[in-house]
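The following pair of complexes shares a single chain, chain A, combined with chain B in the former and chain C in the latter.
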Partner chain A sequence: MAVFMDLNVSFSPEKSRMKSLIEAAAHLGFSTVAINYVFEPTAKKKPEIPTPTPIRELIDHLPVVQGRSRPIRVLNRLTVVMSDSSHFAACMLHDVDIICISVTEKLPFFFKRAPVNGAVDRGVAFEVSYSAAIRDSTRRRYTIANAVSLMESCKGKNVILSSAAEKPLELRGPYDITNLGLLFGLSEADAKEAVSSTCRSVVLHAESRKSASGIIYTMKSCSEPSSQQGAPAACSEDTPAAKRARPHLTCD
Partner chain B sequence: MVRVKSRYLLCEVNVEDRSHLLLLDDRAVAVAVKATVARTHGDYGAALCSIGFSVKYLNAHTGIVFLRFPKRCYRILWSALPFITCIETRGQKVPCFLNCLHVGGTIRTCQKFLIRYNTQQLHRMLPKCKNEEEKRQVQKSILNCTITRGNRDESEDDSESEEDEEE
Partner chain C sequence: MFAGLERTPRTLLVCERSSFLDDKNRLSAQVEQLHFNYKVSMLLPDCSSAPSHLEAVFNSINSFYLIRKLPIHELLDIPFLETAVHQGRVSGLSYGTRIDEDNCVALMPNGHLTLSLDKDSFELLGVEGKPSRFNQRTNNRFVSVDLTDSAMAPGGRGYQRLVKGLRSRLQLKTDFLLSRHPGGGASLQALLSRYDWSEHRPEIRSHTLQDLSCPLLTSDLQSCDPHRLLEWLGAVDAHVSCENVSNSFLSSLVCPEPQSRTSGALSVSVCGLLRPQDVQRLIQQARAYLEQPQVEPWVSLTVHGFVDSPVSWGDEEHGVLKGGELFYSLLLFQDHTYQLHLATGAHDTCPP
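This part shows the complex of A and B:
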């Protein structure tokens, strides 16, 4: 079975809602979810970047994913809203993993081949979120229109489909999302990839940003001091001397 | 061959409040699916739906439905299913969504999948059992999950009470 991920689950301060969202995702078969914190740089002087709540505070016991034996993995993600959409070319140079296609407005000229291909070469994925289509009928048209024009210019590669779900009833199962991908103009294989392997490569891309081109990474030392002596190979100190860390190959 | 082929979609209805599940019946689900297909694909979808579509089986306790679609157009009609947001039954609107678990060519293959799926669900429930009596009942249900002719519910009847307590 492939690994299915839903990389966009809206954060809400109510814990019960987050808990039911994560449980619903585990029940549907998603092995990873990413909680999305939106950050809008408005004209304030000191914009505050929302800090992610640690997962342990949100939910005590991670539910086991349907069909697999491991508990669900919860990641955090930050979305920055770009103020000026004509700076799309500048987006290509930024150090991002995912570019979200907004579905609430019409983007007329947006998808030129050159920046799209540049993004694909760098490993950046384009994201289409489908919960707006479920909520509203006019939004549905915009979603499909934008998604179809995106598929035309990127040929269906490096696309992920995700829900921007606020309530657990807005999530959909992975095979249903694959079928939605067909509506958006993807081929069958591309649509299945959009939910599984492209998501996985995005997560790996994000992990590799913390390291030196994916070869070496540092980890916070996680165990107590007594066990650290006994198992020095398990974790390494979070020191600037990254040479101490174990070389770990994460090629993608 | 002149056999009429169809696709059976095994779906699970997810609701927030499990007591609402018991209100469902197959007419309500059929009406909801037809309305959603008409909304999404217009007159073409409504026409496709009127020929071969039917709800073959609905289990109100676990929320499993079997939907039958003709083989040539099942993908299009399936793509309208994620847009179902609520089902209206007996004057009440039940907010829910349909999650498709399996597509099969015959009811029998869907039934085999359903038995395996229910066994998995029982396994998932096992660590959540609160006392020994429930554990024994669940284990007995797991061992009894077999497919026999004409009986498709025998694994589910034992586990309904536990399923209600789990959520």
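This part shows the complex of A and C:
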């Protein structure tokens, strides 16, 4: 049991469009969305990675998810486009969370079991986007064909389904996407997981990459000076406390 | 690989036929087991306005309370336990929580507290629970505690552990719908005064349908296929046209054959948090209505449970795969016989 998430909502500079996208996702029942910033490295000039806009600037009041009493959670996500398909095998070794399956063309290669299993073991998820299938009938065929061949190699595990929506009308409700997963060859339970628990694993996997094996992490502590007292802040985050040698442990 | 596309998610339909005059009929037991009823809708063919005694029953259904952000450990508060829970004077359900996404809570009138928790919440709470029968892969847990049991007596170790878990470790807070049983008003006041609450009356909607085609129903079970009958009843309740006109593509549902046309029928529904006792009274009024001579010798009454309730009939676990339907439909006839259809969805056990 996990909340429904849509981990691919395309970013656009128009604030009104982003606002209506987030409101549509909350209305449909998604509790978390991730705004996708795409970065395509070109060899010509120095690549500039897009910085995410703070959520407060996009939408001032987060809408409440329909049927629940919490507001929607908005995350940011960066997608790097690998233009060369021979990079696909390299992707299996890189430190990423999601590998997106292209829908704009029939993939020239087939997914081999070994690198797919290696990626699944590391907790990497494969993503299939469905909004291209809504826009275009040719892309619908490619989406289904690519998704079916992916499911054959990964056996339906570690797959997420997301929208890549650019307009609010391209979003679909979570139970509809579960049905779409059946078309891609997933079982009913797998298809429901693809919208909920696998997405949750991906988000946790991303959080754990900032930490040491998901166990230890560092956090910036507050350092606001208290103006009333005039004394310096009690916590200092610059230098860690120094260790003192324990005298009885020194060897003689 | 695409063989799975031909199968729809599993649904269960149990059909039963019996008579009120038969001593062994289990209808009251079956009605009593569904503690949380969301909606009762009745269809009275050949009736233009609601009979007065039926309307009186609708208006006498108790109101219910909605408490915002109730910490669940308050339900284990000792004064509340002794005055309300142990006496069976209160029952309630968490509101605004979805069974397949959030943690859900239900308090039954027999003193059972049921929690449906996800993996992290269950591990935080630290109380014994069973793995969920339907969501095994996502490691859900179904915790059912009998608050009237001696092991859960206030002051005992089991009680302390649960209260400590809900108070400090898990801190579960949800909106809560609370229904008041007779005699339980005063015991709730102390609890309500501490939180933001509002009282709600059940919503009654009534609709007269002109020129309705009804199936010819007799008390013989073979008269109408149950699936088609339930489909037609649902269409009437949802105001979907069953004419199947050639130039309309909105609905191709039809009334089952053989059919007859009635001049007018009354569809009336009441929504809220309804108790099984309210449903029993409505059934009695429907039987009283049928005792008068009628053109169409039947009345239908459909009771829907809550989709997001953690329990279905009795204390059985309820879940949602794609649709969490949980309802039963009663077809009453003039000769005191009835047909009962109990339906559940994929993540449910068999109805009683």
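By definition in this document, the second predicted complex is superposed on the first by the 217 of 252 C-alpha atoms of A that agree within 3 Å, B and C clash if a C-alpha of one lies under 4 Å from a C-alpha of the other, contacts with A are read in each partner's own complex, and residues count from 1 in each chain.
Criterion: a residue touches a chain if its C-beta (ideal position, glycine included) is under 8 Å from a C-beta of that chain, and two chains touch if they have at least 3 such contacts.
Worth saying up front: this structure is predicted, and the values here are computed from it rather than measured.
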Once the two structures are overlaid on chain A, check if chain B and chain C clash or fit side by side.
clash
Given the touch rule stated above, what does A:Gly67 touch, chain B (first), chain C (second), both, or neither?
both
Examine A:Ser31 and indicate which partner it touches, taking first as chain B and second as chain C; both and neither are also allowed.
second
Examine A:Ile177 and indicate which partner it touches, taking first as chain B and second as chain C; both and neither are also allowed.
first
Of the partners chain B and chain C, which touch A:Pro168 in the superposed model: first, second, both, neither?
first
Let me test your reading of the model: by the given contact rule, A:Ser12 touches which partner, first (chain B), second (chain C), both or neither?
neither
Please indicate which partner A:Ser196 is in contact with in the superposed arrangement: first for chain B, second for chain C, both, or neither.
second
Could you say whether A:Phe4 touches chain B, chain C, both of them, or neither, answering first, second, both or neither?
second
Give one of first, second, both or neither to describe whether A:Ser187 is in contact with chain B, with chain C, with both, or with none.
second
Among 38-46, 92-100, 128-136 or 146-154, indicate the stretch of chain B whose C-alpha atoms run into chain C.
146-154
Which chain A residues come up in both lists, the one for chain B and the one for chain C?
67, 175, 179, 182-183
Write out the stretch or stretches of chain A touching chain C in their complex.
1-4, 31, 67-69, 148, 175, 178-179, 182-183, 185, 187-189, 192-193, 196-197
How about chain B: which of its residues touch chain A in the complex?
14, 16, 39-40, 75, 78-79, 81-83, 85, 95-101, 120, 124
Using the touch definition up top, name the residues of chain A that touch chain B in the complex.
20, 24, 27-28, 64, 66-67, 130, 133-135, 137, 140, 168-173, 175-177, 179-180, 182-183
Considering only the defined contacts, which chain C positions touch chain A in the complex?
1-2, 4-5, 9, 96-102, 116, 118, 132, 135, 137-138, 140, 174-175, 321-323, 346
